[in-house]
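Note that the chains take the letters A, B, C and D in the order they are written out, and that residue 1 is the start of every chain.
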């Protein structure tokens, strides 16, 4: 239902253009949870803002295809795009503490979405808000409506954010690191809440995270992003079982698993530096950190290769068949 | 909330008593009120007699307490020069100054907030630079200088507006602009910086993600947050305008509190001077309290911490 | 040339300067708009002491006797005749058929109530000097009164004709000074129709003002006078240029020259009954011992180039002054004065002789034109006296002076327009708070003169006073004042020397 | 953002020292450079006034009163304008240019000394309150509220009128009235800094509180402090001009610009230049100081675009 091809984001700046997102292509199907995973700064958040049309003023978006349920979002007038936001496509953010307006009540912020997209009917808006608050697991929802954000804990605020995103039954929910700012137990609750809501409402969800642990719990499919590009896309199980790209493997190595790494041994880390988004990258962006780098990596962008059904990887190693790979460490 | 308010009120009261004591001591220590009362050509005996009659020979503290006691019962004393109750005299002069203050504040706000919002929304465009220039000029142009320019252009050369007096609304146009323009830059800058901050805030992004129109986002979400400090500053500015309208009143011949103050200072009419200073301090205190309350109404976070 | 600059600046400022000029009020509205420079605290003349109060008082009320502003001769007003029955007793025959603005008839009761009320110290009249020599006023018949003085007081008629407005007795008894201030009632040629205390007074011609009034001898007057408080000189000039007022006075000399070039304005210079002098603290109590030395005081008198100041700064009909009184006042005999012509060398020699070759520092207090003060500062600097100028308001300086804190003061005095030299000496050489000389001899002469009715004998004392005061250089007399009146060409106005503009005699042309 | 892959943080773009970076930002800040430029000229003019002034600013010559400035000879053919008095002469025939030059001294002296006095008072109070908190803070906060409630112009006017005005009185009165902003910012900043590690360390090492305030805390709030200093300087200059304008400021013959404005005011409708010259100088000076202050704020604290100080 969401179809993206060659999505790029360019930010014009004094010292030349910055390209935080480069030629992204992916699609998300109805009811599916699509995870985008990568380090901070790799362009995940920029991608989500680009999809929502909420890029900062200096940033420009380009794509050969960007369609939601067949509506081409690329050429949509500002007003029509706003009609879609919060309606067919909603988003929740990383910082529940600051993402709600401190001077308005929860109820007013929830109803506002309804008024915007469904017309000014207080009773209907309130009913929907109450139902959703209850649905996201908040006790005594009626009182909540009159409360202000500062009276709620972070976890509760994130539930409010989720309810707010769902006010108009969107087809697509973009969740940008929704659990990062929360502590672990709350994180788990929110994840399972999202999971169950998705099942119930048949949502498509783009879930952005840097945490592979979270990915394993929620994703149907995963895209691994590095320096503005997707380097590997696969079903969740696939990626954990058979990571193809050296970077993905590096990431997986870095997850501390009890027992797997001996005590006192330092956590493995990928050596080297991420290329700056201002840099032009001729070949593979990971080339300078990759322990299996080839000459070809530096010159041309690696072709996309399928290593299994639905498992795509951008790496020269897969250009020629039969290369054997091993874990970097 | 109640306890918080009571605390604030007590503090305000303390501040007023302190300020009034300072003013009283300062003025009474520098001027011999008996001389002022006695008038021209009074003999030494007459002065001595006045000293006894008015109780100027009592210690300062005693006189201060007496004065304070009078105020508590609504008696501001009697003017040395006009031989009339100070309260009446102030009552005659206050309306002009209040009117000027309100108009100037309204002018300042009506220019500052739209300009500040516009400058923030269109940051780094010509509008922003224009707004900044207007504010920089306003800060650097002393209001009496500006007032003189207005008089030369609109009063004398164009004859569009009356130069002095307070008879009609036209009389208030130039004074309002001269006084208001001086207060405007600070309000404008605060609005602008507050708006810039608010527009970059996460909740504004949330609001946009909800599909709200830019107008709703700017005014309902950003401005309502950015306006909070502006309200406090506005209150302070209003107090400042009441106290600082002296020059404008003198230049435009407006017979308000400022003019009365200057005239009473010239004539060492201490009861009037003391009462005016006290009154304006009182206004300040009330305004600051009011700003707090208003902030509380606008900002639920303050409201509940006060509870 | 200067007018062209003004016009150019106008043209540059906006093309709108070409618009027809609208007048706010004046000839068309039959209202004469005039400025007041001082806030009149209470229009009741016995309870204010500012010049403006005296001016309005002369429009609203009448006095028993009228003093001709040109000849200074006394003329009948509310009293048709008057006589001294002895040194301390005055009798007045009152005019019949005079009406107050409220319809009351004028009679002896009004005179005795007014004078007895204001002379009673318990009623705290402001200008005590004007009334405190009254013992009592008695009714002899309905139109005859006797005023008993406390002591012999030669200049009494000056006060009678100047500062004794007569109020309606019954009304005044009922409302008191406060009521009189809020709703003044008199017999004068104008009555008050509305007022905002100290701020604005609207007067209307009183058509029943008594016949044969000396005030209206020139005939013709304007139906309404609106006097508005405009304390600031520049604002007054602006209003005059902008058409907001029709008349102003005390226009500084330079501006007067400029205004004279405006096509729609008339500027007239006239002497005023006012002198400017430096008063020097000869007692040393203000902490400048140098001034106790006569030679230093003389040096100061020599150092100031009065003629240069008059020619360039003061201008108009002002004249150089060598005496501590107004030249036309009774007893002001310039022949007896020691004269100090401008002579820097002599001044320097005197300074050296006194042991102050290197000069000294001193504070000078002044409330009149800053230009004049600054010019004096520069003159004194030339002989080594470093003057720290304290340009302050009159009332503040007066209080400082009375507490002996002012080494040199630039004073000016209008003597309540009383035509007798003693009026100022009594204050400055005989009474404690204002006396800066503390010369017992002069004090004794002043007090003695005050009790002598025979003019020739009084003159003897006056001569001695003038000789000693000028020889000791207690004062450095500077110049007589003159003032510039500026008004629209539409107006016929004649200024008088007694510093009392008579708007009731003004006419539209 | 605590990424799982922790070390991969991008390094800062340029390895400049903080001072060099600040200097660089200064050079690129237009307002700051303009302000600093004008102010530098004014300071120089003030310092070198005795050398630059063509005449004695106090020398009066009543015969040469109100000679118009030289451009009146160029544009209006004024025969009196002369190169001897480039800006003309004032109402006592004193050279206007020389008085303007000396006037720069007075405005700057008043601005600086007033700001310094209030800075000392405000900073001392603010630091004590921020460091000791509790009762000290309560007292200082009370004083700040009291100060805020005092109608500044009125009280200054009253004091000057009653005590008598001199440069010293004026500086003292304004100095005693303008300290509130210093107190407010130092109080807050000290509160934040008092718990910083380096302060705790210093305290643990047995430094006295005076030493801690002076050598640990003060240097860290110097930036904000200098910004307030400039703003208060501008403020003091404007207030002095206003008081002088009302006739209660600096006393003649000192050539204060505010006083020159007041003295020229009666003449402004006829000889606009007489107020235009000191008016423009006053405007330029206050503008320069404000630009400098704004610039300093932007430059020293680029992340905090606070308008709150204004």
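In this section, a residue touches a chain if its C-beta (ideal position, glycine included) is under 8 Å from a C-beta of that chain, and two chains touch if they have at least 3 such contacts.
This one's a predicted model, so the numbers in the text were calculated from it and none came from an experiment.
Novice: Which number of steps is the smallest that gets you from chain A over to chain C via touching chains?
Specialist: Counted as steps through touching chains, the separation is 2.
Novice: By C-alpha centroid distance to the whole-protein centroid, which chain wins?
Specialist: B
Novice: Could you pull out the chain whose C-alpha mean position is farthest off from that of chain C?
Specialist: The most remote chain is A.
Novice: I'd like to verify one number: the distance from the centre of chain A to the centre of chain D, where each centre is the average of its C-alpha atoms, in whole angstrom.
Specialist: 52
Novice: Counting only Cα atoms for the centres, state how far chain C is from chain D in Å.
Specialist: 44
Novice: Go ahead and note the Å separation of the Cα centroids belonging to chain B and chain D.
Specialist: Distance between chain centres: 23 Å.
Novice: For chain A, write out the residues touching at least two other chains, lowest number first.
Specialist: none
Novice: Can you list every residue of chain B that touches 2 or more other chains, as numbers and ranges?
Specialist: Chain B, residues with two or more chain partners: 31, 152, 156, 250, 265-266, 268.
Novice: Send over the residues of chain C in touch with two or more other chains.
Specialist: Within chain C, residues 9, 234, 238, 241, 393, 396 contact more than one other chain.
Novice: Any idea which chain B residues touch chain A in the complex?
Specialist: The contact residues of chain B facing chain A are 201-203, 205-213, 216, 220-221, 224-225, 298-301, 304.
Novice: Quick one: in the complex, what on chain B touches chain C?
Specialist: Chain B reaches chain C through residues 31-32, 35-36, 39-44, 46-47, 79, 81-84, 89, 92, 151-153, 155-160, 162-165, 250-253, 255, 259, 263, 265-268.
Novice: Per the contact definition, I'd like the list of chain C residues that touch chain B in the complex.
Specialist: Touching chain B: residues 9-10, 13-14, 16-17, 19, 21-22, 24, 39, 41-42, 47, 49, 124, 126-129, 177-178, 196-199, 228-232, 234-235, 238-239, 241-244, 393-396, 398-399, 402-403, 427, 431-434 of chain C.
Novice: If you look only at chain C, which of its residues touch chain D in the complex?
Specialist: 1-6, 8-9, 233-234, 237-238, 241, 252, 254-255, 258, 308-309, 311-313, 363, 370-371, 373-375, 377-378, 381, 388-393, 396, 400
Novice: Give the list of chain D residues in touch with chain C in this complex.
Specialist: 58-60, 62-63, 65-66, 72, 76, 78, 91-92, 161-162, 164-166, 247-248, 251-253, 263, 265-272
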